[in-house]
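Two complexes, one shared chain (chain A), two partners (chain B, chain C).
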Partner chain A sequence: MILKSKKSSWAYIVARVKVMKRRLIPSEEYRKLLNMDFNEIVRYLEETDYKREIDELAYKYSGPRLLDYALTLNLGRTYKKIQDVSFGVAKYLITEYLRRWDIWNIINVIRGKMAGVSAEEIEESLVPIGEYTIDFYKSLIPKEIDEIVKTFEGTPYYSALSKIGSEPLSIIEDELYKIYYQKLLKERPNEIALKLFMDFIRMEIDIKNIKTILRLKREDVSTDEIMKRIIPGGFEITEREAAKLSAMTWDELIKALEGYWFWKGIEGITDKSISRIEIKFDKAWMEIVAKRAINYPLSILPVLQYIVLKKIEVDNLRTLGWGKWQGIPNEEIEEQLVIL
Partner chain B sequence: MSVVKVQPTRMELIKLRRRIKMAKRGHALLKMKRDGLIMEFRELLEEAKKVIGGMAEKYEKAQQKLALAMAVDGVIAVKSIALSRQCEPRFVMHKKNIMGVVVPVIKRDEKIIKCVVEREYGVLGTTARIDEAVEAYEQLVDAILEVAEIETTIRRLIEEIEKTKRRVNALEYRVIPSMEEACKFIAFKLEEMDRENIIRLKKLKSKKAKRA
Partner chain C sequence: MAEDAIARGLIAVGAGLAVGIAGIGAGIGESGIGAAAVGATAEDRSFFGLGILFTVIPETIVIFGLVIAFILMFAFH
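On to the complex of A and B.
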């Protein structure tokens, strides 16, 4: 599909997103939140946009679960709002970008069905974001797996879902994510504002690929197995580059990362704790996106930046809430926060 | 000690002496078995202490990793991964013989500690924190099975030691002394009968001499 857009359409959506961005919790506030206890954090959030969701779910959940589900519901509503206020190419791209949550929900319904757990348990693992509504997924739960797969006939996911039963679910799950990225990369933008979207996606693929390589390398997985999980079309980490990196030893691999666009963010990593390194990658990626969004204010980038920043805010607040509830030391919580 | 009810015959004496000899040999063997079992138990106890300590450490680590995964990835992500587990870990019980005591050996039917690519969830939709939590719990399950095996072995050994101890004590303080007493009683009775016979014979001889 060849995409064309008007500058005026970007101006509107970017202005709306800028207003929404101002409502995000500032980085300095996280220092304050770090010194609060769980109840104080919830009280603080009751004075922000999260109040509605916390009040709404308070009858069903309590403690950190209430916070967790309220944050997810708020994230879903915020994304829905962005979709609603956008139009034209912007709406199309945002909708396509948020389809990753469809994969999340489809996989959870199938996993739940295969594990034979109750409908309530499956419903609790669904996220209200993406093309399909929660009610659609709820209608899938009573059906048999074959019927669920048939429902997606005609969608890009069908080719992967039809392999259920013959292939392990983990392979199908990875294939669905690959289909998602391949579909995004199929778009053919003919102007710089849209080409930036492609670069954003390709950079995200780089981050995903390098995380995959490091995760699997830590467990000494063979190059062939790693390559099966590499998403083609990366910005710098193409399939060839990925094959080269996955054939290296851990130390060689860390050295080889020098020079890639994300290197500055991960410079000096010594330990093999991938969970800590993952946070550094996310920070590095977000910093680059923020820089580019400033350089190209009338493009999809400010919108995508907001989408990712909102997700980071939700993740940070969840980390703070659960971390405080579980008694995780402040230093460890801080290490897991993405503060830009 | 109770009065022994035995026939004071030479045959009975021979039988009793044979039984005492056998009981003493049995007593010595049982004592050796008891000592052997105690030694085995002590060795296992040290190992059990290590294994149980390791399990407690692994439990703590698993809890921390799960807490971190819940905190950063959220309860929904953790729930989603939990759904991916299709079946419980399976194992088969085999038997091993330690000095006549049958103890279990737990053989894992399938590998419990798996590599990321062998698990039932994909790599692209999950994070390293989830991997770390899953890995910590896999190690915990493996440690629990090891503890179950060693704990059952220790329990069976204790039961056997108790049983052997009771047998040794019964032989040492009841069976052998009572048989020895019976033996003494028969020997005394037989001597008494011998003496009676001699006296009787002497009396008969003296009567015969008087008549003559």
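On to the complex of A and C.
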């Protein structure tokens, strides 16, 4: 696919996204939010971009579910807006990147069906972006799982979805992500915009893979099992590297991570808690993305940076909301937040 | 007499080129800035004034072109 990018089209979308980025909740505000109770947090959010969604859903829900659905809806709308206001190469790349939400939605529908969750609850968990519309997913909900799988016949996802029933859902989810990444990496970068996008995707795969290796290593899973879940096409962690890393003991593994591009951010991980290590990886990843976005201001990177930052913000607010609702101590909530 | 007319004609063409090419250059420069200014203003109206200011900065190049055109037209006439 040959796409020509013009500087001015990047300038438009990047300027828009940069202004949107200014409206994200600044890191110092989280300290303030941590000292609030649940209702105060909701009231605080009503003064931000989340007002519209909270107002819309407040008549139906309350408590953490209100927050949950409002955050999901806001995330979907924000992404949709970025997709709608971009054009040319930017639109193409953003659309491709946001296709991951197809997987999120498909898995949510199937998981909801398996768990016997009400149709309304499944609907609320859907994020209205990606290739398929919300109406399409709504039409799937009353169907049986076999029928749902059949609907995807002819799409790239079918090969993974047809294994439903014989394999656990988490494996199928991994397979779907593999298909998604494979599709993204099929493009041959013939210009800088595509190359930057590819590098971003490859680095993201690295982070995903290294997290998988660490998590499974902690659970003493065999190398073969780990390798099954590795996404091919990483930036530095190729399949061969991954095989080498997953065959090591924990201490060797931590030592071997030295020298990879993400090493600077995670230096000195002595922590035993895997979630804290994962947060360190997320922070290291975001720092690198921020640095690259500064180096290439008129490219897809500032847009992707915003997309990831928005996701982090929504996840943080969700953790904060649920944590507060369940009365978890502040220190524990803070440990789970990705504050950049 | 004929040579004089050719010289005058060339001066006029030169003056035209000075403004014209400077205008194209400014246009290229402004395209990116203008796009960014519109993008920023679409998100936040307070960027409107600043956006306009930045967009017209490359316009100064056209003023240089215009000055050259005037010099050509009046000093060498």
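Some notes on this structure:
Rule of thumb we're sticking to: the second predicted complex is superposed on the first by the 321 of 340 C-alpha atoms of A that agree within 3 Å, B and C clash if a C-alpha of one lies under 4 Å from a C-alpha of the other, contacts with A are read in each partner's own complex, and residues count from 1 in each chain.
One rule holds in what follows: a contact is a pair of C-beta atoms (placed from the backbone, for glycine too) under 8 Å apart; a residue touches a chain by one contact, two chains touch by 3 or more.
If you're wondering where the values come from, they're calculated on a predicted model, not measured in any experiment.
Within the superposed three-chain arrangement, the count of touched residues of chain A is higher for B, of the candidates chain B and chain C.
In the superposed model, A:143 lies in contact with neither chain B nor chain C. In the overlay built on the shared chain, the residue A:11 is in contact with chain C alone; chain B does not reach it. After overlaying the two complexes on the shared chain, residue contacts for A:19 are found with chain C alone; chain B is out of touch. In the overlay built on the shared chain, the residue A:91 is in contact with neither chain B nor chain C. Applying the stated contact rule after C-alpha superposition, one finds that A:178 touches chain B and leaves chain C untouched. Of the two partner chains placed around the shared chain by superposition, chain B is the only one that A:114 touches, whereas chain C remains out of contact. After overlaying the two complexes on the shared chain, residue contacts for A:221 are found with chain B alone; chain C is out of touch.
When the two structures are aligned on the shared chain, A:195 is found in touch with neither chain B nor chain C. The residues of chain A shared by its contacts with chain B and with chain C come to none at all. By the touch criterion stated above, chain B contacts chain A in their complex at residues 64, 67-68, 70-72, 74-76, 79-80, 83-86, 115-117, 119-125, 127-129, 131-132.
Every residue of chain A that touches chain C in the complex is listed here, in rising order: 7-9, 11-16, 18-20, 22, 85, 298. Listing the residues of chain C that touch chain A in their complex gives 31-40, 42-44, 47. Within the complex formed with chain B, the residues of chain A that make contact are 64-65, 68-69, 71-72, 103-104, 107-108, 111-112, 114-115, 117, 121-122, 124-127, 168-174, 177-178, 208, 211-212, 214-216, 219, 221, 225, 229, 231, 274-275, 277-278, 315, 318-319, 321-323, 326, 328, 332-333, 336.
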